[in-house]
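Same chain, two partners: chain A is paired with chain B first, then with chain C.
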Partner chain A sequence: MTSVLILNLAWQISTLALVALGLAIVFGKLRIMNMAHGEFVMIGAYAPVITSSLGLPGWLQLPVCLLTVAFVAFILERVVIRHLYGRMFDSLLATWGIAILLREAVELIFGRGYQSVSPPISGTLSVLGSDYPAYRIAVIIGIIIGFAALYWWNARSKVATRIKAMVGNPDLAEAIGINTARLSAGAFIFGCCTAGLAGLILAPTIRIEPMMGLDYLIRSFFALVVGGLGSLEGLGIGAGIIAGTQSFLGAVVSQTYGYLAVLTLSILFLWLKPDGIRSSSR
Partner chain B sequence: MLKSTTKLLASAAMALTLGTVSATADIKVGVLVPDSGPAGLFGPSTRNSAKLAAEKINASGGINGEQIELVFADVGVPPAEATQAALRLWKGEGAQAFVGMHDSAVREALIGRFGGQVPYVYTPVYEGNSCADGLYITGETPSQQLAPVIPHLAEKEGVSKWYLIGHDYNWPRDTNALAKGYIADAGGEVVGEEYVPFTVAEFDSSLQRIKESGADAVLITLVGGGSVGFNVSFAGFGLDERAIRLGTLIEENTLAGIGADNADRLFSSSGYFASIETEGAASFAADYSAAYGADAPALNGLGQSAYEGLMLLAALANKAGSLDVAAMDAAAEGTTWTTPRGDNTLTGHHMAQTIYLADGSGGAFNIVASFDNVASSEACSN
Partner chain C sequence: MASVLLPVSLLLAVLLLIPELFGDFTAYQIGLYLIYGIAAQGIGFLWGKTGVLPLGQALFFGVAAYITAITLRAEGGLVLDLALAAGVLVIMAVFAFALAALIFRGRNESGPYFSLITLALVMIAEQIAGTATNLTGGFNGMSGFQSLGNLDPFGGFYYVIVTATVAVSLLLFILNRLPVNLIARAVANNEPRLQLLGFPTHAVKGAVFAFSAVIAALAGGLFASHQGIVTPTSTGFALSAEMVILAAVGGRFHVLGPLIGAVIVGWASAELRDSFPYWELLMAVAFILVVLKAPGGIAELLESAYRRFRPVGTTVPKPAIVAPKPRNGVAKSRLQFDDVKLSIGFVRILNGVSFETPATGIVSVIGPNGAGKTSALNTITGNLRLTSGSISLGDTRIDSRPPHMALGVGIGRKLQVPSVFFSMSVSENLSIAMMANRAGLIDLFRPTTFQWRSKPLADLLEHPSVPLQEELVQPVEHLPQGHRQFLEYAMTIAAEPPVLLLDEPCAGLSPDETGLMTDLVRDYQADTGGLVIVIEHDMSIVEAISDKVLVLHLGQVLAFDTFDKVRSNPDVQVVYAGGTK
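Up next is the complex of A and B:
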């Protein structure tokens, strides 16, 4: 019982952290309340559907996923998002409309029905005395390595500092030679690409249909509300608390109580500690 | 894009053919389909099946010698709006009968609104025990889907320990209440029962409970996306090697989402599958693809049920000699008619029908057993 519970916790927390990463960047750094975040996860999950319907080999799933998501994000940034930096409520309405548009577009191309994707690694592994899906183990390890690399890069790179300067005072940032238009576009596209990557990685383990994005948007918001915006630590803490609560209570009591606890936690945080546990951006 | 253009042309052509028919139409039949909402996936196949039924009815002389014309409304909306939409067809466009493929909340609202003044055929799988004047039901009820199937699986697959999992609402609970009786009668036992909220998208903890329970069979009454997510993870954890699965609402779209890799020993019980090989079903499927093309919305039990509903309406109205509810109610008991599903009989306003058990292994339904003339124990007393 316990070893599977631990592995389930690791799976839920790591995948939620990956899904919420893009939202943390776009919402936390650029102050764009991206309601279309889940739709980028959805588009990423459709990448294997695109490659198989075009008859392309499996290894092209990753490039197709990133190119598709980056292309959509680039167009949206140029047409809509760039006018809305710093206007959080306007961005919420605009991206909600974009979310509907993206769902309808995918429905038009692939239909309303469910799609399925085979995992690249099948079968189960015996870990800590219990059988666990091999693909999930690989994903958990991959996400841990990915986040470690991101943390290392974030601590050394000047990009994070430039973004902070840009959000804090755009005019001053421009004056000292930061190309804010390119920087914010880059951050937005990068955030969307991580969401698409999350969708691609999760695809073999979930349902795939045009409406699937909503689940991921809501859980990501919960994680950010609890963890706080603007830092990787906050993201990790938020994902840990939200996914951990659902997963643990779901296992020992029932799924209903797990979900109830997640909702209660999110409301309490919004009410009593709106900046979350860890907030480095203000 | 090309595909949607061809579809558009096909439906335009379809509208033209129907248009020529409607010029001489005397009876309007309201068809209530889910174009939006959670069941929106089934809207297109429902419409297509209904149109095929109307052509068939008109080709064989219509209802009491009069041609019929279908008028559609979207009922994939909350009950109050759905009732308004039905009312527009009834009072506004003069529909004289209704056939509906929608959820139970909408059905109950419509029963109240119609008040037994207009015949109303309800067609999807449902929980049973809905009775009213002028209400006739073609959908499978839990007793029909389970009474013959559970003993069959117990014998053929040698399973005895059942775990019951469903979404938390009345259809799964009513289904499981009956299932417990059939499982006990077949010499089996229930080793676990669980209901999950619709908002839950991951089933890891449920799967762990199933594994620990030692179940060798799982009865699934999760619906739609929840069923897809559950079944994908079920196979991911290798539980498909330990237990068979039986679902009472796993149709072709759900199976496509579950995928070939995850469907080993996944059984489904239903009155219709696109892969039924009887002569009636095969010719229906051929007509469907001839009318709507090879890439038309896939046939499935819910969509096809609209065809069943219209055929019942025609058979019953022809037997009664009118579309008057009192006359139809008087004539209803024992009405027989034949459809792609097989030979049907109306008993207690419900449809006694052939029930098929299909194995989804390999990602396509393969009919492994059929049970003729299964009557519902949740029908109405006359």
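Up next is the complex of A and C:
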């Protein structure tokens, strides 16, 4: 029994960390408060719906997901976002409108109803004396490996430094040879694609519907408020605290109390520790 | 007064004509749009003035609607209902104020954090409303109650809505003409400056948010009575989003904008939603376009069309009134740094700064770039928190307090880059400065507060060489740099602080203007007998005005003495003339 609880916790924390990763890049690094972040999760989750309705084989889900999300993100970046780097509040307003637009567009195409898809890996594995879905265990391991790789790459790559330089002073960054237009577009699209990937991974375990994105936006935001912007450790800590509190209270009391608890926690952090637990110097 | 009464009576006339011209059913529909419009007016007031965007305003709307439904069901009688309504509004105002003040404490921006918290709140409210079946009736909602005062929603109740619409609009028009309007706008305009003028900006935002929450709750109460049913969607996220769109498309900077937006969008939506499947998409695109290209919305288009026929008349300035005495706390005290250390991240900015100034006189702070001069002033006003050590003024310890408390103990500050309210006129800037440290809460609601003048400010404006007198109605963004320096200086001394901190007041000034500025500073010090601390790079100015000179180098005090002794100090010579140490 307890091992299922622990595995559930690991599932919740790892998926929230993946969902919040894109927001951490776009909000934490590019200073774009992307209110449409959850909608990219939603579009990613619709990828299996697209492939099955077109009769495509299952292995195409991943390319379809990444291509769709990257295409939408690319168009938005070109048309709207690129005018808004560094203007956090304006970006909030514009992406708020984009979020509504994306929800309505998906509703128009797929309808308002719930969709569901089956996981690519079925069956259960016996872990520590209890049976747990094999798909979830594969996802947890995959996300852990993915984050380890990202951490390793982040410590060696100069891209994060270039992004910081670009947001701090775009003109100077351009003058020292950084292609700011390409770098910012790349970072934005990469952030959106991780959100889409998270949506694809979550798709077999949730009800897929046009309004599903908001909840992921809010929980990613909470994770960043608590963990602090600007570092992968902060993201991990924040996701751990938020997903941990929510799933523990959700299991012991009720979902509503879990949600209320993380909301209260976030307000307390904004009040008493506005930069979160691990804040990088700004 | 005509500018208030004309639009309000026009609004009243139009609203009263609607049932006569279009019949009761149209009036019923328009009534619903007006209810949404009232809530959107609250959003417009908050967002348009303070720049704070609430994404969960349906929280107040919906909770008030549920409470109204429960009360009307209990059938306690009209008087009891109204008394309860007043109580509910007060509780909501307190809740909203506390929430906003907590979140905004410690951050100088109206940014995304608050908006997202309100969004989270409305989502949880919708969830609770849908699951707490005993209290709210669950997803089916609450129904089966009479409207307020048993009025017919298709008849008499329309006039209740009209009364509320006109009353809220009248209130907003009146608030627009009171000093409190300037303070609210100043928050969005330049929050750090407003804090240095002694206004607790988090409380200002909290108060305006509470006001908008009360308006939303009022609309929610009308909604329950008008519709006869309350469901979880009335406290939901989608309604919150729609209200923001109404305020944006209608025009958030104008009192009637959100109302116009609500009626136009509501009517078009009713006509088109069924026949035109892309209606919701169109609304989202309209919102994005308004946000990016036309922040003023429909109201601004109407206003500029109207102004072609009737340009803005010039208003005759009212005679000045002698302002009340400022509430300056500590008078004539020494400023004392005791082993002050300040680090940000790995960078150590101040490494144990200790000195004590005299209680009166002019102290110049010099030192090479990066010596920690501006940071030292930032620690005095609380813009930076100390890592260790202490700063006191007289016997009062003043470090690590929020910046809005600095003026209260008598510290006025002019910043390095002129920091004024850029989208306001010169006289509006001066009015805010005159309220600093003088105005009580009631004064913010009295029009005569605009006419306040103090002697130092009047003397400054009447000084023949100071350029501001002719530019009173000009927007500040059109002023040249030098004039902005004088404006910010005028705003800083308007509150008559006994301790005046000036950060490079002569930067960007011509030689004539520099002479004028140094004269003004010397005169101010002589008149008040207070302490002036000036950061200055120009040694001729330093020599001319300083009683004492503080030399900072690498975050430490290199010398603190009279100008001549500092000049002959070998350490100072090494730093300024080069050489190795």
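The rule is simple: the second predicted complex is superposed on the first by the 276 of 282 C-alpha atoms of A that agree within 3 Å, B and C clash if a C-alpha of one lies under 4 Å from a C-alpha of the other, contacts with A are read in each partner's own complex, and residues count from 1 in each chain.
Just so we're on the same page, contacts are C-beta pairs under 8 Å (C-beta built on N, C-alpha and C of every residue); 3 or more make two chains touch, one makes a residue touch a chain.
Note that this is a predicted model, so its numbers are computed, not measured.
Overlap between chain B and chain C is detected when the two structures are superposed via chain A.
Of the two partner chains placed around the shared chain by superposition, chain B is the only one that A:117 touches, whereas chain C remains out of contact. Once the two complexes are laid over each other on the shared chain, residue contacts for A:96 go to chain C alone; chain B is not touched. Applying the stated contact rule after C-alpha superposition, one finds that A:256 touches each of chain B and chain C. In the superposed model, A:12 lies in contact with chain B only, and not with chain C. Contact with neither chain B nor chain C is seen for A:181 once the two complexes are overlaid on the shared chain. Of the two partner chains, chain C is the only one that A:104 touches; chain B does not reach it. Of the two partner chains placed by superposition, only chain C is touched by A:80; chain B is not.
When the shared chain is aligned, chain C comes close enough to touch A:221, but chain B does not.
Looking at the shared chain after the overlay, A:138 reaches neither chain B nor chain C. Only one segment of chain B in 63-71, 99-107, 207-215 or 225-233 runs into chain C in the superposed model, and that segment is 99-107.
Common to the chain B and chain C contact sets on chain A are residues 108, 215, 255-256, 259. For chain B in complex with chain A, the residues that touch the partner chain are 1, 4, 40-41, 168, 194-197, 199-202, 204-206, 208, 212, 225, 228-229, 232-233, 236-238, 253-254, 256-262, 297-298. Against chain A, in their complex, chain C makes its touches with residues 51, 53, 55, 99, 102-103, 105-107, 109-113, 115-117, 119-121, 123-124, 127-128, 131, 237, 241, 244-245, 248, 277-278, 280-281, 283-285, 287-288, 291-292, 344-346.
Contacts from chain A toward chain C in the complex involve residues 27, 33, 80, 83, 88-90, 92-94, 96-98, 100-101, 104-105, 107-108, 214-215, 217-218, 221-222, 225, 255-256, 259-260, 263, 266-267, 270-271, 274, 281.
Within the complex formed with chain B, the residues of chain A that make contact are 1, 4-5, 8, 11-12, 108-109, 111-119, 122-124, 131-133, 135-136, 204-209, 211-212, 215, 246-247, 250-251, 254-256, 258-259.
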